[in-house]
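Across the two complexes that follow, subunit A remains constant while its partner is subunit B and subsequently subunit C.
What follows is the complex of A and B.
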């Protein structure tokens, strides 16, 4: 197992873009974890003069917004919100996707047909409109935003899990488990799933990137949780000032872009490292 | 062929039924009664009116009857009434739909043009500086939120350079005849369509590059070259034609996302479409309108998806043969 891990790490490290992405992800996680230590007081509190440009004041390296709040502090706390929502939404999507995909492929027949139609249904609904509808009906809370994003992003995971399960379900080891009288659930999740998991994990990591983009759009529109600092909301708040202080929009946007970029690079790197067959294409 | 088309179109029906049922579930999921929220938000206080509404929405009946009634009314294209606009929901949506469709089509057009060109260029000049630059650009545009890109483009091209208007769809108070009006709309369309389209252009560029490289290695390409066809002829009429298939698949899968993306872009550029309507309705908790947009949006995606499938059928004879 250890040698496998080392082998995997070596293959991942050979991809320079993936390493850069990995470093960026670590940086964002570091900032998110260190936020309360770097900025011990409430980031949404007013600290100084409004609209100080970045790199002008040493106390506020990224400047202040229209109300005089420290942008650096809001970015740091925003990283927490963004990562939390991204990871939880991806987990939600992965759990739904694996359950649907595994059940469809394992049982086949009408179960498969029904579940695939169900998946198609969620692919048809315009996803952002659906997220906004859920948030509008349930209320602007961080939990609801997370669940809503998870609900619109699980379909690719379900399709991939189904495809993986299809190729595994008639293998000898599965037949052996059946012959031993193992229950369906145990075969599905104890025996087949571990073999199907690697590509699904890669996709889940890419779903985090998508979830971050969704969350930013929702809070940009002002429908995120009003009690937490969020990069999207920062852009939304700064929008009215683009004539005088466009940096208020630019800085959090760069943070979103770099985070999504880093997550995508890591996902691609994982994909290459886990599927060496595809790498030389 | 005709039977395939009819069968594909019939598949839309269960999908839409599913969306309607989901809608219904959402209404019942809401904390408190959505009916109360609806009536209080829309300031309906007259008891007689309330009773009438309760009857129209069937709130006094069992859930199964309510569901059946709801399905029946949506089937008759009755999506409810919006007191805010004082008009049936469907009428309001249909009035706003063309602007959104224009935005979506332009964004898709830009995405296809830029994405395919970039992808072909990168694959023809594989592993050169061009390929690297295009891949780098694709990675960045794939990660940038479209609304942010829109704002940054507004700052540069509208505020600083003054080349394009900051927002809206038409210059207020201008009367330039039909042709002038169309030009005016196009002028307003450039920034929002580009901001929305660049993300998809990045996706298409990546897919097109990979797909072209895949096709380049196939035997028939070597045959075409051996026949003495010029390189550009081989690239354009042999490789590209086959490499386009994954793009068509992707286009179908992404229609819903493009529609969702246009909601945000419309909010950024004050584009008067379904997105702005949805945003206002969410803000004012105008639920019949929100749910109406969801149903019609899904219908739009389902129909376009079927159309994409049929295009695919034309492009790839192998599928027809099955």
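What follows is the complex of A and C.
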């Protein structure tokens, strides 16, 4: 297994764009982890004069917003919120998606029919409106936003898992397991899933990027958690001053853009490294 | 009482174009320690029969009696116990081993499902690898590190893990090189000598089947057309389909080959969706008469253990009037 891991790392590293993306993701994670040390006090507190432009004051390298809060501190803490929601939402979506897709494909027949119609039901509802509805019903808390984003993004994962399982479930090694009397759950998750996982991992990494965007959109619309700093909220707060102090929107906007871009680059890199059909081209 | 009895087994598939009877009213017996060869061309239902006996595909009628127990109507829990008595070797040595598991896990899997302890599994796997002629260092390696023949040995080791009494071999050598084929067949024969396991050996390769089988079953379009002791069938085929099959098999001696009467089969295998009325072989049979198009021949005993599904006794009167194929 170690040789396989090294092999995988070598293939991943061969892709320059993926490496850049990976470095950016590491940077964002680093900033998020270091936030309490870099800015020990509450990021939402007012620290100085409002609307100091970036690179003007050495105390506030990214300037201050309309209330005089430190943008750098809010970006650093916002990275925590954004990444946490992104990763947890993607995890939620992956767990739901794999369970639904695997069950549908493995058992087939009416189970498949039922679960796939259920999936389609979710697909027909516009995602953002669905997220807003769930948050409006459950309440404006970071956990609920995570769950809401997870609930709207699992459908492509379910479809992909189903397709992978369909092609694997009639393979001879699965029949061999059935012939030795192995239970359905063990066959599904111990035998088929490890083989179906690589493309699902790629999709999950892309779902993180999507979740970051959803979170930003929810916060921008003022439905995010009011007690935590978030990039989307920063843009939302700054939008009234976009003609004069456009940097208040631009700085978190840039952070979102770079993070999503980095996650997509990593996703593509994973796809190339995990997809055996593209190997050694 | 034989070890494995299959009584008028049927397997149906629903397709968009209708129902296919992949296996239709097949009965046979397998005794302890013997090898029964199951032959027929592609699509005749021999693999489906093997899988139906293993309960890997649902049957619609008939009984499978293994060691005195009817397993065809067993629930999954009881079936799990019965499965220890019967195992399977698969055709594709690349597809039958999970690429994500190492050899130790793959070969030990039946044992772990049967609830053996980790230490016992390790010892047994080492023993099994030795039995099939692989080094015990192979335990830590992955299937992609082995050749086709070695992988098939792994498949055999896995099938042997629980010391079954019956192994269904579903074309175990047809995906292998000719040179490796002989090794694997010899291995199967050696294992039979040492463990007394019985094989149902499914193959379309007559030379392989002739070599290994004690008895032969010939299938055509989901039905048995002839069965009997291997050498009898080989020497004197009683069904026109068997005759044609044997005529198509390669012969090592070119002088013998030249002397042989060539009766190459005309036409294609009819669609199993829409089998011909009467004898299912009548569309390609050189001896077909009006009766063959009307009435389906029963599988009837001819002499000592021989059974043939043909209206005519080709053993007694081999010179039936040949019908022009165009007619």
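As a working rule, the second predicted complex is superposed on the first by the 276 of 281 C-alpha atoms of A that agree within 3 Å, B and C clash if a C-alpha of one lies under 4 Å from a C-alpha of the other, contacts with A are read in each partner's own complex, and residues count from 1 in each chain.
By our rule, a contact is a pair of C-beta atoms (placed from the backbone, for glycine too) under 8 Å apart; a residue touches a chain by one contact, two chains touch by 3 or more.
All figures in this text were calculated on a predicted structure; none of them were measured in a lab.
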| Three-chain arrangement built on subunit A, subunit B and subunit C clash or fit | fit
| said: Just to be sure I read the superposition right, which of the two partners does A:260 touch: subunit B = first, subunit C = second, or both, or neither? | reply: first
| task | Report for A:123: first if it touches subunit B alone, second if subunit C alone, otherwise both or neither. | result | first
| request: State whether A:191 touches subunit B only (first), subunit C only (second), both chains, or neither. | output: second
| said: So in the superposed three-chain picture, is A:36 touching just subunit B, just subunit C, both, or none of them (first/second/both/neither)? | reply: neither
| Touching A:48 in the superposition: subunit B (first), subunit C (second), both, neither? | neither
| query | Which partner does A:178 contact after superposing on A: first (subunit B), second (subunit C), both, neither? | reply | second
| request: Just the number, please: smallest Cα separation between subunit B and subunit C in the overlaid arrangement, in Å. | output: 12
| message | Need the overlap of the two footprints on subunit A, from subunit B and from subunit C, as residue ranges. | response | none
| Quick one: in the complex, what on subunit C touches subunit A? | 51, 54, 56, 76, 79-81, 83-84, 87-88, 90-92, 95-100, 109-110, 113-114, 142, 155, 158, 162
| request: Going by the contact rule at the top, pick out the subunit A residues touching subunit C in the complex. | output: 4, 171-173, 175-182, 186, 191, 194-195
| remark: Touching subunit A in the complex, subunit B uses residues 14-15, 18-19, 22, 26-27, 29-31, 34, 139-140, 142-145, 147-148, 151-152, 154-155, 159, 210, 213-214, 253, 256-257, 259-261, 263-264, 267-268, 278-279, 282-283, 285, 287, 290-291, 293-294, 297-298, 301-302, 305
| query | Considering the complex alone, what residue numbers of subunit A touch subunit B? | reply | 17, 117-118, 120-121, 123-139, 209, 213, 216-217, 220-223, 232, 235, 239, 242-243, 246, 249-250, 253, 256-258, 260-261, 264-265, 281
